[in-house]
Structure formats: structure tokens, C-alpha cells
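Paired with chain B in one complex and with chain C in the other, chain A is shared by the two complexes that follow.
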Partner chain A sequence: MGGTGAVAELEVRKIRKEFGSLVAVRDASLRFDSARVTCLLGPSGCGKTTLMRMIAGLETPTSGDVLFDGKPVTSLSPSARDIGMVFQYPVVYQGLTARQNIMLPLRSLRTLSAADRSRRVDDALAILDLRDVADTDVGRLTHALKQKVAVARAIARQPHIILMDEPVTNIDATTKSQLKYALRRLTRELHQTIVYVTHDQTEAMTLADEILLMNEGEIVQRGSPREVYNHPAHRFGGWFLGNPGMNFVSHRVEKRAGELTLGRPLFARDTHLHGLDGETDVIVGVRPESLAIAGTASENSVPARIKHAAIVTGGQQLLALEVDGRTVKAKVPAGSSYRIGEDVHVTCDPDDVTLFDTDGGKLEVIFRPKADDA
Partner chain B sequence: MPTPPPTDPNAAEGATKSTGPDAPRRSLAVRVRRFIERPRVFALLLIAPALIFFFVWNIIPVLTLIGVSFYNYSMVTGMPPRYIGLGNYEDIVYSFRLWESFGRTLSWVVVTVGIETVLGIAIGILFWGSVRLPGRRLALTLLFTPMLMTPLAAGIFFRLMYEPSIGIINYVTRWAGLGTFSFLSDRSLAFAAVVFVDVWMWTPFMVLITLAALGSVPKAELEAAEVDRLPWWRRLVTVVLPHAKFILMIGILLRTIESFKTMDLVFNMTGGGPGTTTELVALTLWRRAFEAFNLGWSSALAFILLLMAIAFTSIFLFVLNLRRRQQEREASA
Partner chain C sequence: MRALSTTLESDRFNVVLGPPGCGKSLLLRLMTGLEPADAGAILIDGRDVGDLSPGERNIGYVPQSFALYPHYRVFDNIAYPLTLAGSRRRDAEGAVRRIAEMLRIEALLDKRPDQLSGGEKQRVAIARGLVKDTTLFVLDDPLTGLDFKLREQLFDDLRVMREALGATFVYTTSDPLESLILADHVHLLNDGRIVEAGPVEAVYRAPRHLHSMQLLGFPRTNVLAGTLETNSGRVTCRTELFEVPVTLSDGEASDFGASRGVKAGVRAEHLVLGDVLRDRNVHIPVEVVLAEDLGGELVVHLDAGEHRLITVLRHERGVDLDERDLIAQVAPESIIVFDDEHLQCVASGGDGRRG
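For the complex of A and B:
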């Protein structure tokens, strides 16, 4: 059934929503890619759900516009917008079977023949692996299956745009991955404009073609999952993504021997860089998995002491290191066994570093090896 | 272990010396306390006040009522009660006037509760859809005032309003050129006139119940139905009703039980007249018991009404359990 639905271009212009004195969404303007999955990712209360609900028409924006295919729909009711939506809690119509649930919205589509309707329902049941429970009363289904029915109901109608509001969040852990997998397969097959809201970065990384990172009502960064992860445009992105998030260590860029240089605490040698106007305070952001730990000192390593060690999911060891009086997190491969109190050496590769100014904005700099190395 | 024995006899000796005569009484107190502290006894003691209250005010009167219902007992003749077996019940079964009164009560219940339910649901839905309407709160408060009035007072107000010569309603009908109506003494109008007042009084209750019922519909389901573009009647049937029906049902049942017992309103407006056109069962009972003082006969009728009330309550409990059972089924699924 992929690609048969009308695919609309979705755009929001300077959209803003205030709840009393709280600004949930601050004048966001963006165009969503058609036939792709866009994830709105951010912590609770960042405005991502509000933004989605405004697209759906369930919330009226304080100002700004929502446009489908260039036509404003801001004043239209949700039912006039032709969207599909999956909610955080599985919403099913009670007293009906799974099949009847998926069929119900189709019954209002006058243009569709009875055969077309049941074919669409069958397709939706098939794509979500629901054929075994098609004729079961939805009241008897598990949360995960109910949510699958809700997803099937949204896609069977083939609306312009499909919105998903944290559909996996309230599903118990065992069936969560199963549902996530189903959604992933579904989004690959559908070629629909899908907007997916989540606070779970793994979910966003798996499902999204593009991630919109939101914080405090603003869109902080937009890009492919890899891009957003590797090159955070703002300190917030570095902190929010990753488990745990980036380390942030204050440094001072100083002019030494006529060159702007970064040094201690993270760099043993002077590390030259380009792109800054002069001496300034910066924040070095480096992911815990990018730090190299070794028992012996190397050319650019700094000494550190292990303050805390724990095993995390996946078997890696998560260390809290004290470097020059500051605490830095490091994630080392599975199999290593560092002990608390051990003295080690930490190497930070400038290529893995993102520099932020003191306000958290990304600084575009180019690191250059020391002149005598070249 | 080795230390207590030597000190123990000393202490016991000292105790017997100083409070010799008290010793057995204290052990009785200890025994009583031990008895009270037994879990079963303690639990019984805790519910005892409620049980005693229930027994004195419910069980004894009901048993007395059942007992009296087998006697020919009039308070005014001065004759001692005479046992007549099922005589009173026989009399009730063969009383045409009473059957008529039962039939009237049945139509009373169906008509009043029916109108109140339909109107209540309609008004409730209107209020539900007008969350942002200014003055909504004030309108709701005003709407609920009839319910807060004593039926007796409402009866007096409406008797005055219906009054043919000074009543405001007749003033309006005369002004509209419809002439004068004696609402409460006209055989064809009296029943409808009393029904109207009951509807006026109790429709707000059904509005309240409807609002509570609609409030129990999950918002997400309503939003999903909106997004899914379901027509309004399908939303009502597939989303609203499944959630709202239990509370609505309870409201209807409460109203039915209440309406079955209606006495005060009719008593004050028409006294059951003209003729017997508005005489409901509860009024018949009151008349026989406190106007004719025929306590045996009215006890028998009261017992029959009690059985009916128990039947209603059973239906009521069945409906309540229906919901619980469904929830349990959902939880186990």
C-alpha cells in the first residue's frame, strides 16, 4: 500500500503557542520533508507535543500558520485536515474487533467501494502483523497490540500526513521493541509524510530520516540522526543526545607563540586552532565514548584518577574520572576492568571535539596539528 | 534465663502483700483485655456501633412492620390488634383502587424519568460542548437550583403559579388569549401539571449525571474520533456511550427509585386529586397509615413496596457490578 496515499507537503510558519504566561512553542518555522519520517525530539515540556497537536488542529496556535501543500489549514478542524494520528495511550474504539476498529473511519469515505475498504483493512492488518488477532475484541488485546491497531487505523485511511505522539512510550518494556520494530518497518514501507514525537533518542535515531531537536519551545537543530549526534549545533544537543551525554569542560583559548591554542586540562600539548578572533573562554564538548583511556602515558594524554566505575547496558564500563580537579565521564569498551582509585591517562582527540561558546552555541573552528608536527 | 526466677517470686510476693484483694480483679482485667485484643473480637467490636445502629433502626422496625402486617390493627378504634394472617395482603391484591394507583405510579415513573433523562442528556451535551461559553458557570448554578429545593416548597410555589385566578401561568395564558385553566383541579390536566413540576425539579439531576458521564469519556478517544473523521452520531455511539452508559444508568436507576417514592410533591399540589387522578402509591400508603390509621393494612403495603425497592436495588447493584466485571475482564486480558 506504500505510496498510494496522497502525500502532502507540510509547513509551519512562525507558529507560536502560549498557555497563560508559558510559551510552549516559540515562533517555529519549518518545512517538513514529504514522504519522510521527521522526529520531533526533545525532553518533556519542550513543546514537541504542542507543535504536533497544532499541526493536527487539536490545539489552536496563538499566532502563526500551518500549511498543507501551501494552503493554510490553521482555521480548519482536525477532521477537515485529513490527517492520521496515533496517541500516546493506545486509543481503540471499545466493543469492536481489531478489524472493525480499522474499518470504522473508512466507512465515512464515500468514494471507496466496499471491496476497496476491506482490502485496505487487510493491508493494514498485514503490515502490522495483526492478522491473528483481527477478529478479537480490542478489549482483550495487550497495550502493544491495541497501539498497533491504532497505528493500522491511522494508516488504512491513507491520510495526507500521519502524526505519532510518543506511540511507544506507554508500552511495557517487553513488547516495546516489537512495536518499535513494526513501526520501523512500517515507516520504511509507507513513503508517507510522518511526524513522530518522542523524548527517546534511541527511538528517534532508529526511526527518523530527519531529527528536529527541540528545547524550550524552539527548534535547536535539524539534521539526519548521525549529523545531530556527531555535530551538535548547540550545547543542549550534546547534553541531550548520547547516554550519558557529552562532557563539557571549560577551557581558555590563549595566544601562544602567535597561534591560538587549546591546552589543559584536556590537552597535554598545545593544540592549535583556527576560526576564532582572539583569546576567549570556550567549552570543550567531547562524548564519553570518544575519550581514550590507557594505563600508560602517551604523547597527548593527561593524567586522571578513576573516581567511580559502573557497567552499563551493552557491557561497556562507564567511568567517572577526575582530571585536573574536574569530573569527566568516559565510556570504555566491554571487557575492560578499571578499578576505583586507579591512576590512568586520558587522551582526547581534537577531531572528536565540538567547541561551544559560553552561551552554548557551536563555534566553527578547525583544529590544526602543531607546526613542528607537520 | 537464669536471672528471672530469683527476682520473680520476690516481685509476686511484694504484689500480693500490698494489693492482696486486688489481685484476682486485675487478672480479670487482663483476661478481658486479652479477649478484646483477639483479632476476631476486636474487628467485631469495631463494627459493633454500626451494627447496633443498623439493628435498632432498620432490622427491628422492618420485623415489626412485617409482624404488624399480619394483624388487623387500627389506632383509632381502640380495639386490640387482631391476627388475620394474610388478610391484609389479600385485601391489597383485591383492591382495585390500589392497582389503579400502582398503574398510575408506573406511568408516573416512566413519564417523569423518561422526560428527565432525554432532556437531561440533551442539556448536558449542550453544556459539555460549550466549555468556552461566557456565563456557563452561572447558567449551571442556576440550572441546579430547583434540585436544591424542598419538594414541599416547590409544590406550594407551583400551586400558587397554577392557581386559576391569581396564578402567573393563567395570567400568561389569558394574555395569550388561550383562556383560563384550572390545572390542578382539571381531571385531564392535573397529572401533566404535576409531571411538569417533577421534570422541572429533577431534570437538573440528570444534567449533572450526564456531565459526570461525559466527563468520564477519555479526551484522547474523542480527539482520535475527531481526527478519524467519524460522523457525530458514530462518535456518540462508539466513543461516548460505551464510557458514559454506566454513570447514566446509575442516574436513571436512582431517579427511578426516587420517583417511585414520590409523595410530598403530589401531596402538596393536588392531594392526589381531582378524584384519584394523581394518587400515587406512596400517597395511598400515607393516607391509609396516617389519615385512616389502618396500620396493619398499610404495613402490608409498605412491605410490598419494600420488596419492590429491594428489587430495584438489586438491579442497581447488578449494573454496578457489570462495570466492575468488565474492568476485571479488561485487566485480566
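For the complex of A and C:
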């Protein structure tokens, strides 16, 4: 929008929130990237909304601080923090037009000339594709359009930080993608510091520059969407992201011929690995779409039987396979038509595997298949 | 609801799929006898049950919105339908434990509802609905409103349970993926009528009604308005984006005059980006509007002139979506044509000669 609004750096230090005996947020320390979209992602009850509400000033931390541009704002009221907020339900004033709704909070900005105000409103209307309904009473708009007006109002004021709490959750599937599209374009054009709370992994992966994955009051992982998806730092991330999430298969790392190796159930040949101290129990994490299925055996495939097959997203087939008495899921490309009861062969490429210890933490290892040793 | 007829497959997972407000709950209430029908008959094993009370019909029922008794332990909540039917506690015990084991809530039996998470409460409610000693169960959209991850676990459990019980399930939902994953047999309900029913995979691959194609599948099917035209024995389907030769379905006459209004359906996965261009395919210049990242795949929203199209890509395909002059291809065989009047499948793309 090319406005004059300053972009603030947002930081929380050792922030903690207890509700009675429940610790909602456990001593989180974070610096949010300026001019980027950070998504707080996690299941219900993970603490993401509480963390956002403490940033907004709607909730007082039990301990720790919130800092804007290095200055503590923890004792400031929400209105004194200069933040824009968008909630799950659109907060708009019925009886006013979309334009009047967006204009409303600008009236308190005394330094702004009338011309500047209406330019900001026009910009906000344009960026959210609301020009056609600018002079319509918001009471007559759809839920999705009302939410767009609420977003436009939050950005027109050009606050330091914009906080969004599940803004597309209550929107029906067809208009959801329109609103996501508007938000995606907005965040790319705006260069504002945006903190976006959601439980929906697709929303987070689509809109975020960076994801903060939360579970039980703690930040489990921080990274770009593909990083978090492809390289979960903890078993939780492997499970939470993906439809369905990762397969977790217990394996024993054994020393064979002087080398640490991984074998059955998922690997037919000994697969050498480096980075572990010695023999140990591990969990092999592999995403359903990374397993290759074939009708005939190959060098490193293991036999499996199809227990269930269903068509899923985009005509792919989701297979439940029995491998060595364990159930593993594989998602194979559209056009496959495997049948229940069919015998197949599964290949698990070590490059697509994340190895976890038995507590679920990621193990840093390097795989090297035996064939490459020569 | 108007003159609805369908046959439920016994010892199978039957899913009734329809948009919100299409009459799914009403259908289940008619079956269980909670609601009287104005006309028509409900037959169980060939026997008209119209005069039987809900209790006499002996159908297990999992309602959409459940309320657990807050002062009862989980055990007594689950046992409630058995107690109500006059079953002795000792007899109920075995049934409750068996169903609790299947739903992996054995450890919760002595707890009270306020000590449970949302997902656990849902499992208890499902257990209460399935504890009855019968072979016909109706489940009214029981997973709606749950987090996706909780639903994912329950999908597997429900399927395994139905098999273990050897029972007939009738399950309603408005979610296409839930239907595809759970159903053996799907019944598509729209506007108070069953528009199509059959084995779920067959209906997905060869829908006979436009609404089946639109309802059963994710992401949504691309539908384009067009006309069927005949020219010296050759029949083609023309839309604003393409014209393809088609083969009429069995029993469809080609003497429909110069043209006939139709809808052409193309599933998202049949709109292909990034492949080598083939002359025999339809080519549509497109612009990427939004790529939604589902993790394992991308749902890509495209603009093609005035039309908004959707495709889906697996991640390893690695198509460059920033590339200019992107072309989406459709193989003629993957186009399904429905007539405007009855929305029935009247033709499919291609002239019958593949290759």
C-alpha cells in the first residue's frame, strides 16, 4: 500500500500463561520477523490463541514480556499497543457501508489529512477487491465479504502489527479459497508484520512465510512451511501435518559387519547410517506419499498386502498396507487402482525418511545404502 | 424429501453424502422411526417396519449432537441404551467393555465426562450408539466439528469396528473425503432425492449424475456449460474452452437436433499441468491464481479467461507455477457430459479410439 506506517519488530521474552493448574504457554521466547507472515499452528488447546492474545494485550502474562521495537508493552492496554486485529467472526458495524466501516478507525488518527484518509480507504478496498461493494451496507454482505471488510479496516489504519485469529474458519468451503486468495495477495503486497493463528495446516502452509508449530503450550518447531512439513523436528509435527500424517514404524538399529544398519520391516537390504553412537531402538517416520508401491519386487522393496484402499484428494489412492504385521499407509498417484487383498511391494527411500528416537525427538543421521559402499 | 428410494447394502459401510440441509438427518429419523413418513415404506430384510416403534425396529443410533450424562461415569453413559432396554448390569458389562476396547477408551470407563477431551467425549458418544446388540446402525454425521486429526483416527476405527461387528452402517456426511475413505457403498442425496447409489469407487470413476460428480470428490470438479452438437454423424461437445469429439452413452439418440445444452465435467486431477503437450489433448491457457499447499499435494486455482478452474498436483511433480504461458491439458476421455434437463450422463469424451 506504500503507506507511511512503520513496521515494528515484535518479540516475546520468556512469556508464560497459567490458568489455574494449566500452563497454556510455557516460557516462550521468540522474535517475529518484521514484514512477514508468521502462522501459529497447532491443535486446539496448544496455546496458540493465548500467545496471540498476550501479544494483543487481551490477556496478561503470568510472567515474561512482550516487546515492540525492543520496548516492553506488557503493561499497555490493547488500544495503546497500536495493533490491528481480525477475529474469527467479522467485527463490522451494520448500518454503515463498507467504506464507512474502514474509515471509522482512521478518524482517531489526527495527523492524517482527509485526503490521506480516503486514499488509505481506497487502497484497502482495492487490495481486498471490495470496490464493487464499497457503498453497500455491510449488513447486506455475505459472511466472507464482511470478513474482508474487517481485514480492510485492520490494515487501513496501518498499525505496527496485525493479528489474525482464525479469520477464515467459519467461512464455507467455496468462498474460503477466495478469502485465502485475498489474504495471500494482501500479505505479499503489504509487507506488514502479521501474526496469524490457525489450526488448519493448509491455511498455514499456504499463507505463512514461517510456521511456529505449537503443542501443549510449547513451540515444537519453527521454519518455512516446506521445512516444517519435510523435516519435522519432532514426531508431533510428522503426525500433525499431512493427510494422513506420517507413518511411524519401530525399528532396531543393529551393528552388522561393523556398520550400524537399519533393516526390516521397511528396508529389504541393510541400509547403513551414520550419526548414532551404537545399537538403539528408533522410529522410522515416512510420509504416505513418499512410499513407492509396485506390483513386482525390486532390489529394496518389501512385500506387503493391501488391507484397505480408498480414493482421496485428487483421485489418489490411499492404501492401508500390512507389512510384517504392521499397518503402514501409502498415498499413490491418481490412476492407480489397487484392490483390497492384493499382494504388492513397498519401497521406502531412506532420503524420504526422518528418524526419531523413542521419545519422538528427531535424530540427525546420514543414510548410505550398502550398494554405494563399493 | 420426495419419493426417495435406495437399497442399503447389508454388512457394508453405507454413506449417505449430500450438501448441508439436503435431508440426510431426516432420512435417518425416518428409518429409525423417530419421524413418520407421509408416504412410502421402509423395509428391513424385506419386512415393512412402518408400524413398528423405534424400539421395535432395533436400530442402533449415533446422533449428530450428543450429550453425555455429566453425573454418570463413562461406563454408565455407554451402558445407558442397554439399561433402558431392560438389560441386566452383568450382561451389559461385556458389551460395554467390548465396544470400549474397539474404540480404545477402556481406560476411561471410570471417569466422568468433564474429565474427558472433546475427542474422547465423541468416542464415548459413538460407543453408546454402537453398544446395542443389533446388526443395523445409523450414524448421523458423528465426526462433524471435530479437529481433522481426531477425525482421521476415527475413520480407521469406525471401518474396523463395522467389520468386527459384521453390521450394516448407514452414515451421513457432507464431506467428500470422509465419504470416499469410509464408504463401501455411497448414496448421493441432493434436494431430497437419491440421485445415484453404488460402490464408491465406481461412482467416483464413472458418475452417472452431475451432482454425484460434484459431490463425491475433492477438490471440486470443474464444470463447464456447453452444447452437444451433431454434424454428419459425428457428435462433439463444445464449451467456451474446448471442443471435443464424444461418444454417446448407451441408449442416447443422436437425433437431438442441431444442438443440446449440456454440462461438461472434468475432475481436478484430469486437468494436467506441466506435461509434454499432446496434439490429441485439449489445451487451455491458464494463469495461476492461488496454490494451496496441502502438504502432500497442491490445489491450484487457475484462471482461464472468465472461467475459474481447479487442478491438483503431487509435490514431487515439481511444476513451475511461476512460469508464464502455462497450458493445462485435458485428455478427451476424461471429460464426462451431462444433459441440462436431467443432469444425467449422456456422453463421454473421445471417439472411442484411444491413443
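Please note the rule applied: the second predicted complex is superposed on the first by the 368 of 374 C-alpha atoms of A that agree within 3 Å, B and C clash if a C-alpha of one lies under 4 Å from a C-alpha of the other, contacts with A are read in each partner's own complex, and residues count from 1 in each chain.
As a working rule, a residue touches a chain if its C-beta (ideal position, glycine included) is under 8 Å from a C-beta of that chain, and two chains touch if they have at least 3 such contacts.
All values reported here derive from a predicted model rather than from experimental measurement.
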item: Room on chain A for both chain B and chain C (clash or fit); value: fit
item: Which of chain B and chain C A:L67 touches, first, second, both or neither; value: neither
item: Per-residue touch tally on chain A - higher for chain B or for chain C; value: C
item: Which of chain B and chain C A:A292 touches, first, second, both or neither; value: neither
item: Partner chain(s) touched by A:L30 [first = chain B, second = chain C, both, neither]; value: neither
item: Included angle at chain A between vectors to chain C and chain B, based on C-alpha centres and rounded to the nearest 10 degrees; value: 70
item: Partner chain in contact with A:H308 - chain B first, chain C second, else both or neither; value: second
item: Touched partner set for A:L276, first chain B, second chain C, both or neither; value: neither
item: Touched partner set for A:Y229, first chain B, second chain C, both or neither; value: second
item: First (chain B), second (chain C), both or neither touched by A:G84; value: first
item: Minimal inter-chain CA distance - chain C and chain B, angstrom; value: 15
item: Doubly contacted residues of chain A, that is, touched by chain B and again by chain C; value: none
item: Chain C contact footprint on chain A (complex, rising order); value: 43-45, 174, 177, 180-181, 184, 199-202, 205-206, 225-226, 229, 239-245, 287-289, 308, 310-316, 318, 320, 331, 333-334, 337
item: Chain A-touching residues of chain B, taken from the complex the two chains share; value: 218, 220-221, 223-231, 234, 238-239, 242-243, 326, 329-330, 333
item: Contact footprint of chain A on chain C as seen in their complex; value: 117-118, 147-149, 152, 156, 159, 177, 180-181, 200-201, 204, 217-220, 267-270, 289-297, 299, 301, 312, 314-316
item: Contact set on chain A toward chain B in their complex; value: 56, 58, 77-79, 82-85, 87-89, 91, 93-96, 104-105, 107-108, 139-142, 150, 153-154, 157
